[in-house]
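You will see subunit A twice below: alongside subunit B first, and alongside subunit C after that.
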Partner chain A sequence: MANDPIHQFNISKLLQLDVGGYDISFTNSSLFMVATVGVSAAFLIMTTSGRGLIPTRLQSISEMLYEFVAGLLRDSAGSEGMKFFPFVFSLFTFILVANLFGMFPYFFTVTSHIIVTAALAFSVIGLVVIYGFYKNGLGFLKLFVPSGVPGVLVPVVVLIEVISFLSRPISLSVRLFANVLAGHITLKVFAGFVVSLSSLGLGGIIGAALPLAFAVALTGLEFLVAFLQAYVFAILTCMYINDAIHPSH
Partner chain B sequence: MTSTNTEVGHEAGAKAPFPPFQTETFASQLLWLALTFGLFYYLMSKIALPRIASILEVRSDRIAQDLDEANRLKDESDAAMAAYEQELAEAKSRAHNIAQEARDKAKTELDGTRASVETDLANKIAEAETRIGAIKTKAMLEVDGIAEDTVSSIVGELFGGKVTKAEIAKAVSGVKG
Partner chain C sequence: MDEKDNQPSDSELEQRLDSIKSRLAQADQHREGAPSEQQRAQSRRHQKAGIAQAFRLSSEFIAGVVVGGGIGYAIDAFFNTSPWGLIVFLLLGFAAAILNVLRASGSVAPSSFSLKAADELQAESTRNRAESEKER
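Moving on to the complex of A and B:
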């Protein structure tokens, strides 16, 4: 069981709750959602409570995070997109911190479950669709008809655009889910090799050096992936929001 | 891996479906995600982000203000520098004028003094020359008398005879001629 690379994704109930036939138990996943939100919110609120004109080190981390996401959104969607800044900021921070929490041994990775990433992705697309129609009315449909396309090609292009739009929530959620899942499985598999090889005696211990080196290198790579996937999710969200604000591209 | 059956029993080991596809956990995950993410969004949009925004705004205002102040001071110092340089130039030209005037004045004074001294000297030289001329003429006239006296006494000593004054004068002027 200890070497089963899938075991780390198991959801175990910590507090059984059933409401109206739905199992809404407080699980290890819920615990880490609470931890992610609690730690991020506490950090962001407490480090900025001094409101220092000259920031402390921790305050400047919060400010950097703010300016990073604000720059991302402003560059993609312009100043009009800044009304969605709290949403994009929350998404980026939540995914980043959840991913980083997943890097601790024995910690559960919230974003390794497709339902979580799908819920986040669909909330993004839902927001884009609702705001797009609210702001542009039917003009939002111009999103599917790029300007400057010859008349004959319009049906084909519209079909392609619709398919690409529909695949967005899927690609958005699967990208994050698959990256986190695959990374954690690979890490676990290599770490498992180290354990099983070392149990074979001296030759095994020497042979275990290679998977150990891989596991160390992969750990570094996974930290990069944890950040990169949060970044990708946030920047795609920014671009989709830009579509909702300026549908005629 | 892709089994999506709803069989409960992930504790059972290898037989359990892949955990991310255990649909019976979806309700709980969705609910807790909604609760925690909703709370996070609320805390961010109501507390953390406005606070950070105000911190950044205050700082950029302060920096802009300080830059303005620095620019103002720079303008002031530039103006002071220009005024200083202008004054310096004025003072220089004034000093130049004063020096020129002093030089001119000294030169004219010197010239005047020199001219008066020179005329003085010329007068004195002329006077001295006339006096020398007079003395010379007088001496020349006296030489004749001395010569006549000397001749008459020499003649008297030598010959014991008397020679008239007229003869001696005639002889002296004959020698002189």
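Moving on to the complex of A and C:
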């Protein structure tokens, strides 16, 4: 099974739990989610506890992280959006740390499961819908009726707008999940080539240099993707929050 | 270099700061031909944003079609109207997907309230400005 590229995504139960007929076992996925939250929280708390005016290296990492997310949110949702900063910051750090955890060999990648990314995406859209109705009342529904559309076309346009809105959580979750999953499978396949080729004697070992080079390059690409996907998720969250705050933009 | 052996005075520090500033400016001018640090950082950010944009456009398109098809399929299963729900909603989903992509690339204005809301917003911003001027 060592060469099975899908094997790394298997979920195994570490602690069997059944409550009211629901299986809520503690799995390796849960373990890595807890580890992600624990590590990111511990890092932020420990590095910022010094509160030096001149930051140490680790403290400046935390500060850069803060400034990066705050800049994203302020740019796309304005200073009014800053009340959602804790939400966006948690999402960004969770996805980033979970993705980076996935880069360790033998670690489980939490974001490679669509149920996890879908839960994150639906929490974003849920927040947008609830806050949008809370802030704008039924006027939020006007989001689906663009101004200046001829009366005959309104039903069609509204349907299209509704589908477009419903596709947001899908595209958010599928993009993150698909990128992480595809990247990890590709990496594993190329690494598997190295192993199976090098067992074929001298010619195989020489031939294995090519997939090895690919695997190294792909590892670099995966680090880029890990950061990029967290970034994309965060910036789209900011834009959707902006829709809920000022639907006129 | 000078008779004070302990802490230098404030004015002296300022002088030193000025001199290092001018020297820095000279150094900057010296390598004018090469792109500045800032420009390079900016182009790097643009590149990153470009990849992010590419990921975004493709998934927006797919999501639109998938959601449209999914709604159509659900309607067919629910009302026994096969295949009409799928046909109609797949087409609508396709339209929504195109709309998503155009919106994501900024070619179409994002969805909006009526003009009234925009007017209100403008009025609010002018009110805010007036208030801040009053405070001053």
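Here is the rule we go by: the second predicted complex is superposed on the first by the 239 of 249 C-alpha atoms of A that agree within 3 Å, B and C clash if a C-alpha of one lies under 4 Å from a C-alpha of the other, contacts with A are read in each partner's own complex, and residues count from 1 in each chain.
Convention: a residue touches a chain if its C-beta (ideal position, glycine included) is under 8 Å from a C-beta of that chain, and two chains touch if they have at least 3 such contacts.
These figures come from a predicted structure and were not determined experimentally.
Within the superposed three-chain model, A:Ile235 lies in touch with subunit C and out of touch with subunit B [touch as defined at top].
When the two complexes are overlaid on their common chain A, residue A:Thr111 makes contact with neither subunit B nor subunit C. When the shared chain is aligned, no partner comes close enough to touch A:Ser76: not subunit B, not subunit C.
In the superposed model, A:Leu53 lies in contact with subunit B only, and not with subunit C. In the superposition on chain A, contact is made by A:Phe87 with subunit B only, not with subunit C.
When the two complexes are overlaid on their common chain A, residue A:Ile160 makes contact with subunit C while staying clear of subunit B. Looking at the shared chain after the overlay, A:Asn179 reaches subunit C, while subunit B stays out of its contact range.
Once the two complexes are overlaid on the shared chain, A:Ala41 sits against subunit B while remaining clear of subunit C. Applying the stated contact rule after C-alpha superposition, one finds that A:Ile24 touches subunit B and leaves subunit C untouched.
Looking at the superposition, the partner that touches the larger set of subunit A residues, subunit B or subunit C, turns out to be B. No residue of subunit A lies at the contact with subunit B in one complex and also at the contact with subunit C in the other. Subunit A contributes residues 1, 4, 6, 9-12, 17, 22-27, 29-30, 33-34, 36-37, 40-41, 44-45, 48-49, 51-53, 55, 59, 62-63, 66-67, 85-87, 89-90, 93-94, 110, 112-116, 119-120, 177, 181 to its touches with subunit B in the complex. In the complex of the two chains, the subunit C residues touching subunit A come out as 48, 51-52, 55-56, 59-60, 62-64, 66-68, 71, 89, 92-93, 95-97, 99-100, 103, 110-115, 117-118, 121. Residues 10-11, 13-14, 16, 18-22, 24-34, 36-37, 39-41, 43-45, 47-49, 51-56, 58-59, 62 of subunit B are the ones that touch subunit A when the two sit in their complex. Contacts from subunit A toward subunit C in the complex involve residues 139, 142-147, 156, 159-161, 163-164, 166-168, 170-171, 174-175, 178-179, 224, 228-229, 231-232, 235-236, 243, 246-249.
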